[in-house]
Amino acid sequence: LFKRVGIAARVDREDAVGLGRDLCNFLQENMVGACVEPELASRLGLEGTPLGKMNVDLVVVIGGDGSILRVLHALPQKVPILGIRIATVGFLAEVEPQDAFSSIKRLLKGDFIRDECMMLSNNIGLPDALNEIRLGTKTPQQMIRLEVAMDGVRVACDRVDGLIVSTPTGSPGYALSAGSAIVDPRIDAISIVPICPLSLNFRPMIVPSNHVVHVKPLKADEIHILVDGQFEKNLRPAGEVVIKKSSESVTFIRFGLNHYERLRRRLGMTSTPEA
Amino acid sequence: LFKRVGIAARVDREDAVGLGRDLCNFLQENMVGACVEPELASRLGLEGTPLGKMNVDLVVVIGGDGSILRVLHALPQKVPILGIRIATVGFLAEVEPQDAFSSIKRLLKGDFIRDECMMLSNNIGLPDALNEIRLGTKTPQQMIRLEVAMDGVRVACDRVDGLIVSTPTGSPGYALSAGSAIVDPRIDAISIVPICPLSLNFRPMIVPSNHVVHVKPLKADEIHILVDGQFEKNLRPAGEVVIKKSSESVTFIRFGLNHYERLRRRLGMTSTPEA
Amino acid sequence: LFKRVGIAARVDREDAVGLGRDLCNFLQENMVGACVEPELASRLGLEGTPLGKMNVDLVVVIGGDGSILRVLHALPQKVPILGIRIATVGFLAEVEPQDAFSSIKRLLKGDFIRDECMMLSNNIGLPDALNEIRLGTKTPQQMIRLEVAMDGVRVACDRVDGLIVSTPTGSPGYALSAGSAIVDPRIDAISIVPICPLSLNFRPMIVPSNHVVHVKPLKADEIHILVDGQFEKNLRPAGEVVIKKSSESVTFIRFGLNHYERLRRRLGMTSTPEA
Amino acid sequence: LFKRVGIAARVDREDAVGLGRDLCNFLQENMVGACVEPELASRLGLEGTPLGKMNVDLVVVIGGDGSILRVLHALPQKVPILGIRIATVGFLAEVEPQDAFSSIKRLLKGDFIRDECMMLSNNIGLPDALNEIRLGTKTPQQMIRLEVAMDGVRVACDRVDGLIVSTPTGSPGYALSAGSAIVDPRIDAISIVPICPLSLNFRPMIVPSNHVVHVKPLKADEIHILVDGQFEKNLRPAGEVVIKKSSESVTFIRFGLNHYERLRRRLGMTSTPEA
């Protein structure tokens, strides 16, 4: 099933490094090739392979959501990802460290689910977004005036700190912090969420994913575009950002913990006690 | 195309009654049968037909969203509806009074769009909802504890004033007032929105429309169910409300004003002036 | 300092009843008179005194916020209250069960702080509110149109589910659930918070406590008034509700846990882990 | 009463320049000295005086809130300000252009109200804020972890886009856009409002104005501080921002339009039509 597995880990955490070592040994014992990221490899006394040159069927990421996004964007092609969560905010990473080996065993037996997540593409040369694209000011003292159009109708035209265009996968993250609703990843939709809009009528909107979102800064200001909190670019005045569903997607390996279970973990949802 | 047209109007407004009269005459001149609601008919000196007995191909409603909901639920079968908005909140009614006759002419020529809107059914014998189903307390001094389950996972279990389960059509209405996002009606989804939840982690959620929503009151309290602000029922303790997409839908006649144009009207969206 | 102490407890919880028994014994040993609520007294084989007839210097309440509100409103005069929190939401009750006796010892030595909390009075014959006054519909299927005036200016006039007029003490409760801000109890202010307003421009407002809040239902509907979730009344059409700071206040006994420490407990505030 | 009046206007608008000319003439006719800002002066063929050198009893600002803030911060001492609103967002400026001369006449007769507004000072050398101090990231791709302490209690410690510390005057502006409540300017209080907090439990808080607000970035990141959208500074890692009520205040000349009337104008509050 998987002939060659890539391994990446946060090297600033000893537990992540240790788990990476154990995982390498386990894969060798099971006759699966392991391909280790250089920094981790040097910690383990192995030879490393940069993510950009990994020719693997799957990557195991030991860390948090930030690590997964970093690996995802560095890989030369989109291979499935299995995230093992190390003491951190982890909505994307499903597996807890204590379940790492039972999960890997299930993985090698083919006993898992593929969870395919849509991405958002843009017209300005930045990578696709798994979570969200943020449009904002280039420098903090500015405000920007954005116009958002749908179906040729100007649905919003307001001064804002920024605008988040999010996938369902990203909806319990930054978009939620900005006041939007949580969108089930099985819905093919895009969330459009203003950050600190001057007008109280500019509210979060969920639009079909076959919809093309046009965002235009109204004044001759540069705006700053940020993809998944990792890739950025300044857009010249008078430019327009066009965002739509990408033809690419990301596949996560899941073992049964569904969207709503991961959501509970993200939100710290607990029953409130009796009065 | 349309052989027999039903007509309903708010009879507490003279402009609505007058428009109803003109519309009757116009249909007669154009050899289309008119079927008039009793109250309006008596104002016009005509013989009326109760909505529940109307055998028509289409109904024109002169009024606001409240009138449309009333007519919709009273008709014996779901026929297309054309709403003419009389000085009121009108998200469902597209046509302005001054455009009534040009719209009717386009209607008779077949120059229009059918906008099909999903409804929500319930397991407790109330009619389907076009906008939303509200679960709440029977008497105002209570609070209720509700458990909401998705995919067998308890996603929320909290004390609330109530819970709104809304269609995309209803999303810019009550669900928006309760803090949710606006959902494009082309998305096949259901919004689940708590009203005044005790826990700040209970947030609006958008779920796929093929999803069955289970809501269970946790204590032995009666709860009150309200469909489209019009039909109500008290649910015995220990009952469970099961809400899902109905097999029925409602069709509105549209002439091009799209979702986002109607949304602007609903929100009073206007550009904010320059600083 | 305190010659006679009243004791009230939730009798549906054995730990509360047990703590009540121990507390009675402790007070007797320390030569302080105890006055026990009838239901608790019968459980302890003692003679009880109804709250309304208690002539005491202080009341200890073993339970949650609901118990404290019930006792507070039943007492013939406002005496200081010490709350011991039994497994429940407890923003008003400061002391944890394990600290009950060390706290009572500090109490008898005079080593405590008096925390005086403002109340809201009304013009319709209901008791003063420690937390909030809620104006809403009498029956759940209605919506109401309310006009709120300040300084003679109509600041809001909208269809709502209800309106919360809250003290700072109530601000982390119902008012927070409805979307308002948390007000420090040392600020002399009243929060005015709409529940599900139709207009997105009707936002929570904090006004000076010497301000008189006038709320008027616009249509000829009855409205329902609820004080601290406990006392209710229906207001005839055309009535007006006038709310202002009461001349009475409530004093809580505190041992150092300040507003913000209790707030953390209410909100379950915890540091979020590293990314 | 006023011997010498300063005049400032937006010179990018002809109506503002024209009103400035008329005002100069009117003051001369009434034997009041006028002191004109250089840019406006050169447009009027007069000799100008920089704001920083104006020795006047009052300044009339013709423009919007941005102009008022610019003038306020440039004046060598805090003199009363009268704002005339030119086609723009104007919460601070009370007078409409058509009322400019009747207002100036009332001003010279002493028929007006002084509205004194508190300001916020900081420990990092930036000017006092009339509206708000914003703490945020230096560059847009960062998130920051801030700790906010009150009374020695850590009330929040979360990853955010930024934090707004606002006066009541600023509360219907940026703080409202970020989700806070509107605070009456007669309340002596400070609003603390997170921008896009990761934790849903970090909510806007209103604290007494004699309270000192301590904000500390948790990681070794630089943060960016912005006062009234105009003055900025980067704070070195490990620094702490201390914000408190300033000993200085700003006085606005008012003619009766009270806080709530100006608020209605800001919010575009209108009655919603009947259903």
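Just so it is clear, A, B, C and D label the chains in written order, and each chain counts residues from 1 on its own.
Everything below uses one rule, namely that a residue touches a chain if its C-beta (ideal position, glycine included) is under 8 Å from a C-beta of that chain, and two chains touch if they have at least 3 such contacts.
The model shown is predicted, which means the values in this text are computed figures rather than measured ones.
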item: Same vs different contact residues, subunit A with subunit D, by half of numbers used; value: same
item: Chain pair, B-D or A-B, that carries the greater number of C-beta contacts; value: A-B
item: Between subunit D and subunit B, distance of the C-alpha-averaged centres to the nearest whole Å; value: 44
item: Centre distance in Å when subunit A and subunit D are each reduced to the mean of their C-alpha atoms; value: 39
item: Subunit A and subunit B: spacing of chain centres that average the CA atoms, whole Å; value: 37
item: Where subunit D touches two or more other chains at once, by residue number; value: 89, 176, 179, 198, 200-201, 203, 267-268, 270, 272, 275
item: Touching residues (chain side subunit C, partner subunit D) in the complex; value: 150-151, 153, 155-159, 176, 179-184, 186-189, 191, 193, 198-199, 201-208, 211, 258-261, 263-264, 267-272, 275
item: Subunit C partner contacts - residues on subunit B that touch it in the complex; value: 89, 134, 136-138, 140-141, 143, 161-162, 174, 176-179, 195-198, 200, 224, 226, 229-230, 232, 267
item: Footprint of subunit C on subunit A - complex, ascending; value: 64-66, 87-89, 200-201, 203, 268, 270, 272-275
